[in-house]
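Per-chain numbering from 1; labels A, B, C and D assigned in written order.
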Amino acid sequence: MADHLTSWVLALVQTALFVAGAPLLAGWLKRVKCRLQNRRGPRLTQPYRDLLRLFRKELLLPEGSSWVFRAAPYVIFGAIVLAAAVVPLIALRLPTSAIADVIVLVGFFALARFFLALAGMDVGTAFGGMGASREMTVASLAEPALLMAVFTLAMSAGTTDLSVAIQRILSSGLVIRPSFVFALLGLLLVAVAETGRIPVDNPATHLELTMIHEAMVLEYSGRHLALMEWAAQIKFMIYAALIANIFLPWGIAVGFGFGALALGAAAVAVKLALLAALLAVSETLLAKMRLFAAPQFLGFAYLLCLLGMLSHVILEVGG
Amino acid sequence: MNALQGLDLTRQLILLLAALVLFSSFAMLAQSRLVGLVRVFAWQGVLLAVTTGLVAYASGHTHLYASAVLTFFLKGLLIPWILHRMVLRLGLESARESDAYRTPVQLAGAGLVVFSYYVALPVVQLSALFTRNTIAVSLAVVLLGMLLMISRHKAVSQVVGFMSIENGLFFAAVVATYGMPMVVELGVAFDVLVAAILFGVVFLQIRASIDTLDVDRLNRLSESEP
Amino acid sequence: MSLSLALWAVLGALASGLLGLAADRFPAPAKAAVFALLGLSGLGAVLGGGDALLRGLTTAQTFPLGLPWLHWHLCLDPLSGFFLIVIGIATVAVSVYGPGYVREYEHGRQSTVPLYLFTGIFVSGMQLVVLAADAFSFMVAWELMSLSSYFLVAYQHQHAANRRAAFLYLLMAEVGGLAILLAFGVLAAFGGGFSFAAMRAAALGPGWASVAFVFALFGFGMKAGLVPLHAWLPEAHPVAPSHVSALMSGVMLKVALYGLIRFTFDLLGGPHWDWGLVLLLAGSASALLGVLYALMQHDLKRLLAYHSVENVGIICMGLGLAMIFAGTGHPRLAVLGLIAALYHTLNHSLFKGLLFLGAGAVLQRSHEGDLERMGGLIGRMPVTALFFLIGCISISALPPFNGFVSEWLTFQAALQAPALHSGVLRALIPVTAAALALTGALAAACFVKVFGVAFLGRARSRHVRHAREVDLGMRAGQGLLAALCLVFGVLPTYTVQALEPIAHQLLGRGLPSASAQGWLWLTPVSPQTASYAAPLVLAGMVLFGGVMFALLNARRRTRRVRRTIPWACGFGPLDARMQYTSTAFTHPIRRIFRPVWEIHEEVETGGDRGLRPAALRHRLHVEDRSWRVLYEPVGRWVAVAARQVGRIQTGSVRTYLAYSFLTLVVLLWLIT
Amino acid sequence: MIAVYLTLALPLAGALWLGAFGHRRSAGWVNVAVSGATFGASAAVAADVLRGGPLLSGGRMFYIDAFNVYLVALTAFVGFTTAIFSRPYMVHEVEAGRVNARRMRLYHSMYQGFLFTMLLALSTNNLGILWVAMEGATLATVLLVSLYRTPESVEAAWKYFILCGVGIAQALFGTVLLYFAAARVIHARDEALLWTSLHAAAPGLEPAVVGLAFVFLLVGYGTKVGLVPLHNWLPDAHSEGPTPMSAILSGLLLNVALYAVVRVKMIVDPALGTPLAGRLMMGFGMLSFLVAVLFLHRQRDIKRLYSYSSIEHMGLMTFAFGVGGPLATFGALLHMTVHSLTKSSIFVTAGHAAHIAGTQRIEQIRGLIRTQPAVGWGLLLGTAAIAGFPPFGVFTSEFLVLSATMKAWPWLTPLLLIGLGVAFGGLFRHLHPMVYGERPDSQSAVAANMLPVAVQLALVLWLGLAIPGFLAHWFDQATHLIAGATLLGGGS
């Protein structure tokens, strides 16, 4: 019983870590990127300050908006945090990961996106609609690719439960699976699209014709905007943690001992930092593409994931 | 059949009459004037009546005498007379059918006779040559009657063709089976008579509505593209 | 007991229809009685079906109707019990919703008699279909259902489009019915009788069984709206009165699926895996094309009808998986696929019914069916909007509502593909699962569009601006379904348990693993493979979102908010015409999936003023390709054949005589 | 037995009486009364047969068994209901100036005369008399076809007369041949054409002659059944004559002609010992069915439309009788009943529709439900019934025929099904604009008595839901007579 309780507490702690660590990861990413671009860049804690400032600010609601506009930040935040609770960050076998498997995780993202898009449309401006339209389009292409990657993983691990899957990968030792290589590449591309990074979207821009995510939250202010931003950061971190822990699971805590947990935390911090740095490099090298190039981009991701699946079916299992 | 054994002459005569009936059908095919057509038709009726009488005499079926008399009056006199009157009344005395396809039709008619024999061949294997021939002839007359109807444009000619079909099957009934039961025969005769009268009525209606008796002009009701 | 309850339900619906005959003379009492009886009938169906389903009972009875040697066999077993529940729930909701909705027709120019009469017959026909236990009564009930719903489609026949839709609908129903008849005929020929019992006993070779399956798939698939036989569906379903659309789209399609399940799993005996593959592929195609076509619609009810095509596709994917697994000797996994399909069947009937009722409410209040003329309804019809939003979330398969659970189960079934021997199947099934994912994402996009354009933003037309909330009954009808959407989304373990008797009946085993971990955890295969704790998901979301909300809104100072004018690029005050329209919303998708539709687009610039045209006109027609590919050629062939045949009737009596003559000659020649 | 005589005597007397006084205003009522009395008598016949089995009259002139008893009753019934419809219809025609007093006399007299010939053809035991009656039916109706004296109607009458005349003449030739064959076996000359004797002696008849006879009889009576390619008179005559006549032509004449063919087949089958007759009927039936369904698509005249539907259904029945076997035969017998009930009611409704619109042209008949709901719904339901939608009886019989075909000739079933689908499309594409939509200004409701239609459709509905015991019994006995096996005894 005590063990049971410990695990629940641990799960909550891990979730809190997710929530708390997400701005830090965003700050790190921004900083690395600035450095790469020969700029000084803000401090690592800058995102926290931004959030705090937003929380303090007065809330402005656009005229004609409905309760959907007001409810959306909370729904989105709730869904994303719940998603964070499911993803193993530092330890496996946490009870929360059994609440939902990876498909449900995708479902949480979809729910958040659904409300985000609705909120964008609620105001009645052209921007909101435009953002919603683009977001849903990109997402509808990204989601099958994402699931294809997930399926590759799930089929080779024989489960869709993230915790169990990572455990199985861990226990099988270092095996180079072609399917995983393809799936990793595909997943990277999808993650870029899903989290609204270059080259699909640019979180830094407010150029009306190019933005996707920013167009939807254009009318948000104050604490609503803070929640939205925070949720986006958590989502980014979830993707990063997913990629890091699935494809490079080493270091993650299998038991609940203090040492193991500490090691897990350190390992994941390093992995996330590296991953963010990698993204910063790619964002520096690449330019944002046209909206209608995104389908090709995501189609390529889908193709990679499909190849991963096929190579799993053909190369790894045998006809 | 037994009754016929000793009456060679009658049988020959009947066969001769059969040939004549067949010939009259051909004569109708050849005849292009309406008046002439009706006249040949009358002769066919008379031949039929004679045949009936002869069969009655030969077979001893007395009711056939009555039938012969009936036939004579109905088909030899009354119906031709009705038709003739119609022709006169409709002013068609000098009307002629077109002569196109006359020869092919005649040749087709000859073919039909052969066909009739071919069809009748297996039918009466058990029967005597005589019966087979009469069946074949009557079949030929029926088919020739239809050919006449198909090849003629005038309503009157079609009626004549129709009546000659009746003649053909009547011939079969008389010669092959010594007539039908009396009640049937009376019924048939009644129907034929009514039909003849009705034909007259319809002639007048056609005439009133389309001003001609050319059946090719009766083509308003069709399904093909206009 | 349960069967007699179900029979009372059938009779109740029939009586409701017959009472409707008095509607011209006594409008008010007739209406009350009609809907009361309909509701009772639905209740009876739910109770009778529930009894049969939960207790796993099979009761049969014969009725001295039908042919002298083949009386009507009626039978209530878990499968039909389940579908009775599906029918019953929707009927109850409609009977609550109906009285308010038909008010619109009461003072119209057409009598409400046909509406009441055929609604009653329609419902009783559907109930009878699932009860029928011989081919004859099945066909009678089936066609009764088709015919009465046809009259409902044609109810508002003053519009030419409705007449066309009704014609097309009946034509398809007829063709489909004939195919079903043929399928039964094959079975009956081998089984020696038309009762289902005799058909089950039929010993068919695989060839004939496949023939029967193909006919059944064609017939039932046509009714269910499987691509490419679906084209009638989006024409017909929307033009019926909305509560009937809810029944047609929500329930009647399910009855078609019932037929398919009954035929393939029960009557034909063990399904072959290759049929499953066919069904899986057809289902994927339906799901994907259905949602893509739906995206391009801007008529609300039509859009919903296309979504029915999509959802039927999803259900068929589950069924196809079940057949593949059953045919390759994996009954446990087959059960999973079957239960996923049945679960989605139930769910679709709930949320599609809900959405159609919502659309009806909007239609009644605003007299607008076109999304492009709606907008901002959430402020005017808040309750309807909330329920509609629940429907949208459910149909978009988002947790924690019901649509998600069944799609999740379908995914789980698909992910068990590695158990199969054939590498092709192993590779193909995940691809179809990815198609399902695409479908789900597109559906979400579509319903963002629907809800965003119709209910959010600003009103685009005067009627919509003056819309008011609907009456209590109509709200209650929607509320019932919305609540059930949540209940079935949050309590999947119970639902799956309740569905198990069907699996026992059809596949000989249940799915004990699904609820092995207690009611909280749905673990369809094993807890190690996948688990989903819907109640915890709901709780978690309420917790995290709620805590945040409480934290942030606790202080009085923060509760005050200021309203400001939204940013419109400085073009002065915001205008309803500045909003994104439905067509604009789907423009990126239209560009990406261009080859799927037949798109006729033209842009006219008028008022030649060089670079600044005074008028701009944009015309867009997005058409279903199946018309061009499938339907029009058939129509053309018939027309050509008719024209050719028409030639024989020249009008000349001499030609006719020649026919007679030649017939005679040929026959004479033939027999000698 | 008296009832049988009465059944025949009443319409004959009616024909004579109306021939003299048929132009009176009361003639319509007399027509109804006589038809009603005939129906009563026929019901008595049916009751007799139900109680005591087949009836054979003293001189063996008349014979009523399970096969024809229900047809007699049905004929009298449809004659009766159509007479009810005919009264106001013809009054309207007189008022519209389309028919004068003389023609009314003709019409009424011939209406009864036609009924007489139909009943005679059904009840006689003598194949010769059967022929006489069939020819009489043509003669009685030919002037009715041209009753309106329009060029089209005269043309239709001429075609009807010539084609049916030639056809029926061929039937007579067939009868003669049959007599010829029978004379060898049956020595009493007057009995050689009696169906009862022929049926008993059938196995001894010479196959070659009988085969030849059957060809002639099939082509002959088949012309009257409306089998393609001998059908050409049928749509013309149906569409141009007065509507009550179309109703009884479609509902009765075709049935009786088919009855004749089947009666002959019952003799021919044992004589030939081969399935030749059945095969020929199947071929003709299928051809008629398939051709007629295509014709449905090209119609512009409402009555013509439904007359092609009659051809379609007669083709189906002929096909079913040709397939043979108890199931198909039972189905065909049932189909005869339901088709004639449904089709006559459709013609009645179509007649009203034509009155409403003032024309028979489909494109000018619009919005019937709005104009006169009873007529619109009648036409709609009637057409749904004839298209084979349950719960109407046509579905039941088609179901039986299809399932029998499935057993015996599985590869022909798709053809039948496609045909039914095409037929459905053909009917409803024309029906839809006629019944639905707004009421055009030119149309207004007319006095119509829809009671017969309602009764007939209700009967068809009843037959679709359950076949009453006595009728099933008759059908089964007739099936036994025709197909040599019963269905209820050892059926599935």
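The criterion applied here is as follows: a residue touches a chain if its C-beta (ideal position, glycine included) is under 8 Å from a C-beta of that chain, and two chains touch if they have at least 3 such contacts.
Just so it is clear, the model here is predicted, and its values are computed rather than measured.
In this view the innermost chain, defined by its CA centroid being closest to the centroid of all protein CA atoms, is C. Placing every chain at the mean of its C-alpha atoms, the farthest one from chain A is found to be B. One simple way to say how far apart two chains are is to compare their mean CA positions; for chain C and chain D this gives 43 Å.
If you average the Cα atoms of chain B and of chain D, the two centres end up 31 Å apart. If you average the Cα atoms of chain A and of chain B, the two centres end up 100 Å apart. Each chain gets a centre from the mean of its Cα atoms; for chain A and chain C, those two points are 35 Å apart. For chain D, residues touching at least two other chains, in rising order: 158-159, 162, 166, 170, 212, 295, 298.
Of all residues in chain C, those that touch two or more other chains are 643, 645-646, 648-649, 653, 657, 660, 664, 668.
Going by the touch rule set out above, the chain pairs that meet are A-C, B-C, B-D, C-D. Chain C makes touch with chain A in their complex at residues 375-376, 378-379, 385, 389, 393, 396-399, 404, 408, 411-412, 415, 417-418, 423, 426-427, 430-431, 433-435, 437-438, 440-442, 444-445, 447-449, 451-453, 455-458, 521, 527-533, 536-537, 540-546, 548-549, 552, 558, 561-569, 574, 576, 578-581, 584-589, 591-592.
Contacts from chain C toward chain B in the complex involve residues 643, 645-654, 657-658, 660-661, 664-665, 668-669, 672. By the touch rule above, chain D contacts chain C in their complex via residues 158-159, 162-163, 166-167, 170, 211-212, 215-216, 218-219, 223, 229-230, 232-233, 276, 280, 291, 294-295, 297-298, 369-370, 373, 384, 387-391, 395-396, 399-400, 402-403, 406-407, 410, 413-414, 417, 420-422, 424-426, 428-429, 432-433, 436-438, 464-467, 469, 472, 476, 487-488, 491-492. Only residues 126, 128-129, 131-132, 135-136, 139, 142-143, 146, 149-152, 154-159, 161-162, 165-166, 169-170, 172-173, 175-177, 179-180, 183, 189-190, 192-193, 206, 208-209, 212, 235-236, 239-240, 295, 298 of chain D touch chain B when the two sit together in their complex.
Across the complex, chain A meets chain C through its residues 55, 58-68, 74-75, 77-79, 81-82, 85, 98-101, 103-104, 106-108, 110-111, 113-114, 117-118, 120-130, 132-134, 136-137, 139-148, 151-152, 154-155, 158-161, 164, 208, 218-219, 223, 227, 291-292, 295, 302, 306, 309-310, 313-314, 317-319.
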